[in-house]
Amino acid sequence: MEHLPRMLEQTAIIVSNKRDTDSYFRLVLRAPQIAPLIQPGQFAHVRILPLKEALLRRPFSIFQVAGDTFSILYKTVGKGTDVLSRMSAGEELSVIAPLGHGFTVPPVGGEIPLLVAGGYGMAAMFLLAQRSPQKGIVFVGGRRRVDILCEQEFAALGWEVRATTEDGSHGEKGLVTQPLLAELRTPHSALRTFKLFACGPTPLLKAVGKLAEDFNLPAELSMDEHMCCGTGVCLTCVIPVKAGESWEYQRTCTEGPVFDSRQIFWEGVK
Amino acid sequence: MNLSVKIGKLTMPNPVTVASGTFGYGAEYARLIDLNQLGAVTVKGIRLNPVTGNPTPRTAETTSGMLNAIGLQGPGVDGFIKKYWPFLKSLEVPTIINIWGTTVEEYAEVARRFDALGGVGALELNVSCPNIKAGGAQFGTDSTLLAQVVTACRQATTLPLITKLSPNVPNIALFAKVAEDAGSDALAITNSFPAMAIDIQTRRPKLANLTGGLTGPAIKPIAIKLVWEAAKAVKIPIIGMGGIQHADDAIEFLMAGATAVAVGTANFYEPQTPLQVIAGLREFMLRKKIHDVRELTGSVQTAK
Amino acid sequence: MNLSVKIGKLTMPNPVTVASGTFGYGAEYARLIDLNQLGAVTVKGIRLNPVTGNPTPRTAETTSGMLNAIGLQGPGVDGFIKKYWPFLKSLEVPTIINIWGTTVEEYAEVARRFDALGGVGALELNVSCPNIKAGGAQFGTDSTLLAQVVTACRQATTLPLITKLSPNVPNIALFAKVAEDAGSDALAITNSFPAMAIDIQTRRPKLANLTGGLTGPAIKPIAIKLVWEAAKAVKIPIIGMGGIQHADDAIEFLMAGATAVAVGTANFYEPQTPLQVIAGLREFMLRKKIHDVRELTGSVQTAK
Amino acid sequence: MEHLPRMLEQTAIIVSNKRDTDSYFRLVLRAPQIAPLIQPGQFAHVRILPLKEALLRRPFSIFQVAGDTFSILYKTVGKGTDVLSRMSAGEELSVIAPLGHGFTVPPVGGEIPLLVAGGYGMAAMFLLAQRSPQKGIVFVGGRRRVDILCEQEFAALGWEVRATTEDGSHGEKGLVTQPLLAELRTPHSALRTFKLFACGPTPLLKAVGKLAEDFNLPAELSMDEHMCCGTGVCLTCVIPVKAGESWEYQRTCTEGPVFDSRQIFWEGVK
């Protein structure tokens, strides 16, 4: 039988739920059984109990873990996140977590991580940065200044942060892959080996996958697919993954969300 | 208190199973609930060979429901037996295997294979999937084809046969009777309803397959009516499903004429649902002093 | 910006009307909204003679929907003309009269009477009410009977004829085509779905009529699919309905292939809905720089 | 065209929402346009906005009116009233009111009102008692002590209150019609003419209708039917009313909820 990672369902109490920038919010949840199990890149599947007419849970990357709490950093984009943003400390959510196959934390003395994040993709990468023995660089991009999240937190870990915005309102103007490309082209000592880690919208992941191929670097990508069950039973969240000569669908919620870039059958990814 | 029911020669320790396609192959939710508490585990539809399924997006949320067009992705009979059967066989409760094919002969062949496997609880013939071109609802909305499929499977196996009818017919009683006469031991009612949702921003259907099947609490009243109509027409037991969220919903299906029920879409948002339904059913029976769950079946009072 | 649409020779100033049976005879909601803002007022089903309707309870709430089995209570043609027509005639917007009968001849006779009345905007043939023994869905699920009813009404009147199809058929395109070929100027899709709810405490159906029709947001995805299927099969316009609560829902129906839409159940809980839908539609068109609402009709992108 | 009473739709703000006895609550709503229009026996059709999965409004008799507010007295019996009971001051409800044809307030020097109420039926009668020029007697019945509502308020109006409970925990033990029957049998001066007004469950209304017939007294009954639209369009709420030799269905929400007992076709009432 296939390997299935451990997960729990728990009623989590909201510790705080505060606006970060613009339409982004930080939610801290008390979930004592879940918090200690969390690995970087895993997600929580959240049932927003006061949500009307809509049944399904919403998936969110786990941002930070502290004691018996964990937090998420979310953007209000639709009815679920809108209702979530109006909830207050003390209210309850139902959470299934930790879910999915996350990032591989580099071993001591191993690769230097280059993180690439778009928007709330930053949330998925914090634990990785925190737990990586080597500090690396995080390339973060967004449309506007407000889309660049938690720079300080990464900086406080001793990481270098390179921000880009499409409108130039913060950091370099352009796409997040530009400074990354520049960095990759800079000659480095042979001892220094990089590994790419990315989370963000599919075009970003595609671009990072392409760079990984071009520079022959390993890359782990957290794929962005709509989910339903989040636990591997419904087969909603599949992406095409290479299998021998051909390809097969694998579940983002179970085999993913993090996949080795070389395993992805990119021709089949929309 | 007796909770056990019979579906053909299959004995379920209680009348609550899960709906095919909403519970994977059992092992996934074994991490969250004790499967041995269920009346049976029903697995995702299997055909002879592996199936890739439809492109994504495959599901979309709707008001109190959801659409799906998974396209019956699956490992095929051999893949299933290798990958999932050892775990399922180890359970104390029976496994119901949902099967399908694109031809009558394929249905029969899959039935033969599972008959030969040994230890299978029952076979559920999916003749009602709206999300595949051939072999889905086509068999379920044509009474001649339906009779052929059921007859062929009946000849292929002595396992209990459950025919999962299509809801998309003006007269479910007719199809129920056809399945019964062709040798089906039970019926499953209902599958999802052909439906569609459009993203008005992109003007694209929300599913890559354009259309899909509607399930969840939204459809329950239609499903209850279908079970009630079918139950009046046949003597074989019915497994009722469609939007069950609470024990009350399950009891409503039983009263309408079902012998057992299946929890479907609710598993996705609340995997505890099947166990909550069993607990709630027990409590209802205690409160109402009902000693045998079979007393509930068809007990709706319809004298005007 | 053009919002007006044509249903046969009837011009609606905007594509939003109300669903028959959810808006009384117009005057009731005139106390809460300005009827002259609507595309048309559609009234409750009328047959030749007064109708008592079904015993109570006649409605029941379900998950994101409701059941009704009103049984087409109504004042008959004469009662309607006397009691309600003077008010409706005084409106600036057209009235669509929903009619039915228990025989082909009765349908035609009602059509003749309203043709003679003068000033009626259009007639909507209800061949799909699930709540009456004769004359309801019977005509809508039998294509021969459907052709007869439409043909007879076509001969009886030059008023625009809208055939309100039954959703309860495996192939709506076939029925759509039959209505078109028999001379219908437009289609209305969809009526309510045969359904049932049981009170598990009393074990009685929640409706005195035992079964009823399911309406409201729960059914929208099924209705969208029916409109899309029918629109591909016919050239005549379609009035889409089933669960419209917001402008977005209405736009979804238009994209699926409807030329106009009707707000039904939502009136009961939010009588402002039709006006909110019109306002939201306008805003959407402004935002998307759409100058003519007819550009939306059938604009869903279905190339895979 | 038929006569249709005036009604308004308004967003009403909750002023307070407090438990009365047991499972009964008092809700005060600010609704400045509606409050002045209210007549005794009319009702409000309330959309409980946070209610999930259930669409329809809930009808409640209007209990009291004060300035720009009105109140209702409700019992938690199902999902709508349960959610309502958890709402707090400052939250909003959508209200359509005043609805229906209420009680006829007796003219000065006219009949002496005898009110008969079961459970929350008391709520429907307060405005009538308050606005009646003649004080009368209110007969109130319930299962247990906690079902006897707002006795003091009626007493404070100078009305006599006769309570009965089925379990004898308060007032006389038995049904509410027993003391009423006793009162009706007591010889009175010829000048004293009574009129019955009742609101409560159907068996109570039937019993009062029967008494009215036996004693040849006028009676106005507020009928208890499930509602959907509450505004006369859906034909859900009908009861059989005499019409010539036969009967016809009339709408409780529009022609009622208050009907003259003699008009009701009792054989058809369930």
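First chain written, first letter: the chains are A, B, C and D, and each begins at residue 1.
Assume contacts are C-beta pairs under 8 Å (C-beta built on N, C-alpha and C of every residue); 3 or more make two chains touch, one makes a residue touch a chain.
Model, not experiment: these values are computed from the prediction.
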Touching both subunit A and subunit B (chains): none
Approximate Å spacing (C-alpha centroids) for the pair subunit A, subunit C: 48
Between subunit A and subunit D, centroid-to-centroid distance (C-alpha), Å: 58
Whole-Å separation of chain centres (CA-atom averages), subunit C against subunit D: 36
In subunit D, residues with contacts to at least two other chains: 53
Junction residues of subunit B, two or more chains touched: 63-65, 217
Chain-level touch network, classified as line, ring, star, complete or other: ring
Chain-chain contacts as defined at top: A-B, A-D, B-C, C-D
Contacting residues of subunit C [partner subunit D, same complex]: 21-24, 27-29, 31-32, 44, 52-53, 55-59, 61, 63-66, 68, 70, 73, 83-84, 86-87, 216-217, 265, 267-272
Touching residues on subunit D, where the partner in the complex is subunit A: 50-53
Contacting residues of subunit B [partner subunit C, same complex]: 62-65, 67, 137, 141, 166, 168-170, 193-198, 200, 202-205, 208, 210-211, 214, 217-222, 224-225, 228, 243, 248, 251-252, 255-256, 284, 299-302, 304
Subunit B-facing residues of subunit A, complex: 1-2, 4, 6-9, 47, 53-57, 94, 96, 225-226, 228-229, 231-239, 248-249, 254, 270
